[in-house]
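Order as written gives the chain letters A, B, C and D; numbering starts at 1 within each chain.
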Amino acid sequence: MLLKEGEIRIPSGCAISGFISRDGHKLNGSDVVKSISYMHDRSNGLGGGFAGYGIYPEYKDLYAFHVFYNSNTAREQTERFLDRHFDVVNLSRIPTKKIPAIINEPLIWRYFVNPLPTKIASSQLDEKEFVAQCVIRINNDIDGAYVFSSGKNMGVFKAVGFPEDVGEFYRLEEYEGYAWTAHGRYPTNTPGWWGGAHPFSLLDYTIVHNGEISSYDANRRFIEMFGYKCTLLTDTEVITYIFDYLNRKQNLSLEDIASVIAAPFWSEIDAMEKTDPEKAAKLKYFRNALSSLLITGPFSIILGYTGGLMALNDRLKLRSMVVAEKGDMVYIASEECAIRAICPDVDNIRSPRGGEPVIVNLSEEGKRKCL
Amino acid sequence: MKRVYVNEDWCLGCHLCEYYCAFANSGETDMAKAFKLDKAPVPRITVEEGDGINFAVQCRHCKDAPCVKGCITGALSINNGVIEIDGSRCVGCYTCVLSCPYGCIVIDEKNGGKTITKCELCTRNSAGEPACVANCPNRAIVFEERGED
Amino acid sequence: MPVNFFPAQFEVIRNTDKCIKCRACERQCSNEVHFYDADYDKMLTKDAQCVDCQRCVCICPTGALKIRPNENAFRESANYTQQIMIENYRQAGSGGVLLSSMGTPKDYPVYWDKILINASQVTNPSIDPLREPMETKVFLGKKPSTIKKNPDGSINTELPPHLELNIPIMFSAMSYGSISKNAHESLARAAAELGTYYNTGEGGLHKDFYQYGENTIVQVASGRFGVFKGYLEAGAAIEIKMGQGAKPGIGGHLPGAKIREDVSRTRMIPMGTDAISPAPHHDIYSIEDLRQLIFSLKEATEYKKPVIVKIAAVHNVAAIASGIARSGADIIAIDGFRGGTGAAPTRIRDNVGIPIELALAAVDQRLRDEGIRNEVSIVVGGSIRSSSDAVKAIALGADAIYIGTPALLALGCHLCRSCHSGKCNWGIATQRPDLVKRLNPEIGYQRLVNLVHAWDHEIKEMMGGMGINSIESLRGNRLMLRGIGLNQKELDILGIQHAGE
Amino acid sequence: MKYVIIGNSAAAIGTVQGIREYDKEGQIVIISDEKYSTYSRPLISYWLKGAVTEENMRYRDTDFYEKNDVDTLFDTKVIKINPDKKTITIENGNEVSYDKLMVATGSKPFVPPMEGLEKVEKKFTFMTFDSAKAVKEAIFEGAKVLIVGAGLIGLKAAEALEHYGADMTVVDLADRILPSILDTEASAIMQKHIESKGVKFILGTSVKKFSEKSAVLNNGETVDFDIVILAVGVRPNTELVSEAGGKVNRGIVTDNKQAVDGLKDVYSAGDCTESFDITSGQQKILALLPNAFMQGEVAGKNMAGKETYYLNAIPMNAIGFFGLHIITAGSYDGEAFVETDGKENYKKLVTKDNELKGFILMGDVKRAGIYTSLIKQHISIDECDFELLKNKPQMMAFTRERRNEKLAGGVGNGN
């Protein structure tokens, strides 16, 4: 019997795509579906998914939980947990469309919630940490329940299938957001579990990732010291937690995080000691204090977060990734075709160097509109 | 020019240099055979033994070589800095033995002392590099350039 | 008398067709096994004195010698082996404790040999270390739990004191006294050239080697030999030796014969007196006492040097390590029971302690479970025999490794396990000037450098195979390991899966 | 610059090498009264006994003159030096000009007047290749040979003639053999050794009168012979210099640059020339091949304009008779350390003023040069372990500093 994600480590190759309107224009979900579909051959039908940012403006101050349930028992158990810890403002099944390509779907529910202030207070955690721990508890402790999206004004949609089918299944053409990411999965040994599809998310961090990191267990065993539990045993999961830890908990900027997880080689740092000693000292510090968070092996990722996207390659650039611009739009994809498919006449296109982060944030105008 | 130098700190007095020297110049390909023929070949290097001190001595290849100057037959000559002996011309008068301040001219006892022999830095045998140096177990003898001609 | 007679352990076989009677064997044998008999015109041997150190075999220019075990057979059983019988005979004769040297020869499981390493195929490219950078630099010391920022928002890059290693391999503690000055010089110079560290052991630091201080770990052991402020300040780190893998729970004893002038001066004890290290530190009877010593040493060195606490791998090593991690130590060194020693009671060496593999796995996991793995770096030693052992140790969770025996092998040691006799024919475990000079540090240091470079090459090859291009991504990366022929309990302790899983 | 060298043996060759080290251009002319390319005089006895071929008599390879760009005038006798004109006159009356002149005329056998000697048909001296050839011509298996003179030349001749099964008698006025180089004890050992090879010695007497095939000695004995070898002594060839006004005592007198006293641009070297023996403090002729070569070399350098001094000359001999080797050096005036095994090994070390002044080694002569160096380099015996040196010559006897300098330092220092 094949073991599912969380029971065994499942590496995979993949396709990723994503784009953002810096000025906060509303972008229909169908574009991202079209983009990822052009990299059909980079998936094998065992997983596809999307993340959209700015898609729930009407509930933008509430946490939007997307949950898979294997059974109504699991749902009832989860809802009891939610009721104890959150003010559940709205709950519903996520609208889907029956199509032949997508089968065996679990129960898929959505909740807009607010954590109960009394519970936050008694936990002595800040709000985000409280929410994150609740998510981790549901996923670990309630059999058959899996929260796969938990941020505000954003949502993850994923399933077993080719990504274009998943997009159709979730009726993404009915959503509009300022940024989207997409993932087509090519796992080598999963039976196909919906929770194992990408993006992986925690709070508003989502990761789509193409690669197979060699440092996985070193990263996992380190990050687990800080309250994370890598239940899926996937790269995407551990990378998400690393971003969460460094960005949310340690307050490192995204640029600095790139210097941690795709650190420059010592030869570069040594050379920098003459030209920019302060920067060299910082990099040396990262490579010492946070050495266990260095990620080696091939990866190209798009991190989605409230207000922006970040793209990053491993330091040897062992996976393809290109970035293009057109007006206020920035596109990122594993292959150029995925960009040209939705924006044939880009202003410029380039292939960032290994370890060079591409960070795109909403402009002031975009922030006004969307945040 | 590369020369052989000794460092007595590291000489163990094992005498292997003597044996390897003799063998290298014996013309034999097997060491045991070389030493088991009627008469053992003669080493051109000598290990001196003292109280906790040992060192090997062999021809210093003097620039101003008294052995060459004193040689009555012209059997000793200097070629590219190496003092060579032409055994066919040596008559065993030992004037060189008398002259060498280092005691490095060796009487060839294998032929009953009819000629002398001496270190030629293994330039005229098949060892390629000085066999004493190559086989010193403790690098007490080195063959190197120390900035002299 | 017959009851007190032991057959020679070894037999010296001389091929007289090859022997040219050069007498090199005779000159080189400190055990006086070989001698020339003028009447016979032959080399003869006293087999009973042979310890099988192979010096004569290695030095014989014609390859005329070999040493083999004496075939004389006692009526042994699987239970009462010849070895056990001889040991009992010896004790019946001497009434004393049996002494041994180097690591245990007993057939305990070597877990390194039951662990296999992963390599990339297809889904993840292996990396060619000849084409791509392959990094092995490691820092040892406490990591900050939170990243602090300066008032201007920049990162505060100050760190507690660290050791910086170009290669995650250090030379483990071997005292001057137990090994020779030339051996120490070889280690010191090699460490300096390699950009790593050697360890003084408990015998103090010879004045000639203060120049290598940047690459020296100075040890403070229960005997406190040679310890003074200048010594503590001379090194890059200070190691408190609580225990040694080969002899957990007991101290040390360097016979007076080895305390010659220089050793005496370095150890700060009178010439010819036995140097006795007590079993415990008599100022450390508990973990809080250890904490006091750690901070005393830090005070003495103005908090500029990391402090290492070295312990033997014993049954509850994980809990002990946890205590040490919380006691202010920067680095924990764990020494496995198969590790070497210059002298140890045989029964202790062969029966006390646990294998380093299990100890390391348990300690690393325990510190992670407690969330304090960042408080300390872990260095392991005690029979890491090759680069693959090193890779496995790092993947199990070690930050760096200590090598002792392989370093000695590089210097010529043939593991005859007779260090305690003080007559080491290879010039390593001896203070006899004529023997000491057999180890030319010029050769010794070069061979150490070669050895570590060779290991480093191999480590990089294996890392590249795994698709890892920096050693920190290997550290604790147990997914890269699989067990072979191990039971579930062993796999659980090692935290690895079985091959095929 | 034109260099003229009179003579063609070791001193002359040394002169050529000395000149050519500093002057590759100047003309060199060698004039010799012998007809041979340079050959080694000491080899004549080896040639005679068949140990050396005529080809191997050469002192230098045959292309020596060509390589060193030397013009030769063989079989030509110089009869006069004309210092004012800076020419020499050769026997046909021609003059050869020189800028620098080397007189390396060597020595000749000294044959004292002896009654009846003219009656002896087969009488020979033994100093030149021609003389050796003449002996070879005359010798036959079992010939009775009378050798007059028990010095180096006479005994070397005896050794050679032993190969012809000659029945030899050696007569010398001195009461022991080799008196110039050996002490009494060593003489006795060597005499016994030579006697064991069948040579008879009659010492302390001389030939009173020769008749055709026998000689009557002053002690009354009569010695029959087929051949007589006359090896009483040698005389330096100094006439050219003395006639030209140069200073001559027993030999030609030079300064330590080998320039002849009283003659500008004339130098002298070899057996015709005196040296200053540092061990005895005396001017004397050191008729030794190494000495001749080195004097010549020093002279050559000075002739070519490179100021060089010949210092540290000492008497020294390496020689063997019938397989028993002797190495001696220096003088024997001083405190002696003697060691003998009662057989043929004999060692004598002589010290004076805290220095080794001389030694005699017989039998075991290994590494004797270390002793020689002590004498030449004036190494105080306080600076070395003389007890070790008494045992055998060894570098171990020197201080570590000196050993380091010699063995671990730079180029070997021949002096």
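Note that in this section a contact is a pair of C-beta atoms (placed from the backbone, for glycine too) under 8 Å apart; a residue touches a chain by one contact, two chains touch by 3 or more.
Since the model is a prediction, treat every value here as computed from it, not as a measurement.
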Going by C-alpha centres, which chain would you call the most central?
C
On a CA-centroid basis, which chain has its centre farthest from chain C's?
D
At what distance in angstrom does the C-alpha mean of chain B lie from that of chain A?
78
Suppose each chain is reduced to the average of its Cα coordinates; what separation in Å results between chain A and chain D?
104
Can you give the whole-Å distance between the Cα centres of chain B and chain D?
28
Measure off the straight-line distance from the CA centroid of chain C to the CA centroid of chain D, and report it in whole Å.
70
Which positions in chain D touch two or more other chains at once?
none
I need the residues of chain A touching at least two other chains; which ones are they?
none
Pairs of chains in contact (touch as defined earlier), listed by label
A-C, B-C, B-D
With touch defined as at the start, can you tell me which chain A residues reach chain C in the complex?
9, 11-13, 188, 211-219, 221-222, 224-226, 250-252, 256, 263, 265-267, 278, 281-282, 284-285, 287-292, 294-298, 315-316, 318
Quick one: which bits of chain C touch chain A in the complex? Just the residue numbers, please.
120, 123-125, 127, 132-133, 135, 137, 139, 143-144, 146-147, 149, 154-155, 157, 159, 162, 368, 371, 373-374, 397, 466-470, 472-480
Within their complex, state which residues of chain B touch chain C.
9-10, 12-16, 18-20, 23, 31-32, 35-36, 40, 52, 135, 137-140
Give the list of chain B residues in touch with chain D in this complex.
3, 5-8, 46, 48-50, 53, 55, 57, 59-67, 69-70, 72-74, 88-89, 91-105, 107, 113, 146, 148-149
Complex contact set, residues of chain C against chain B:
17-24, 27-28, 58-59, 61-62, 64, 433-434, 437-438, 440, 442-443
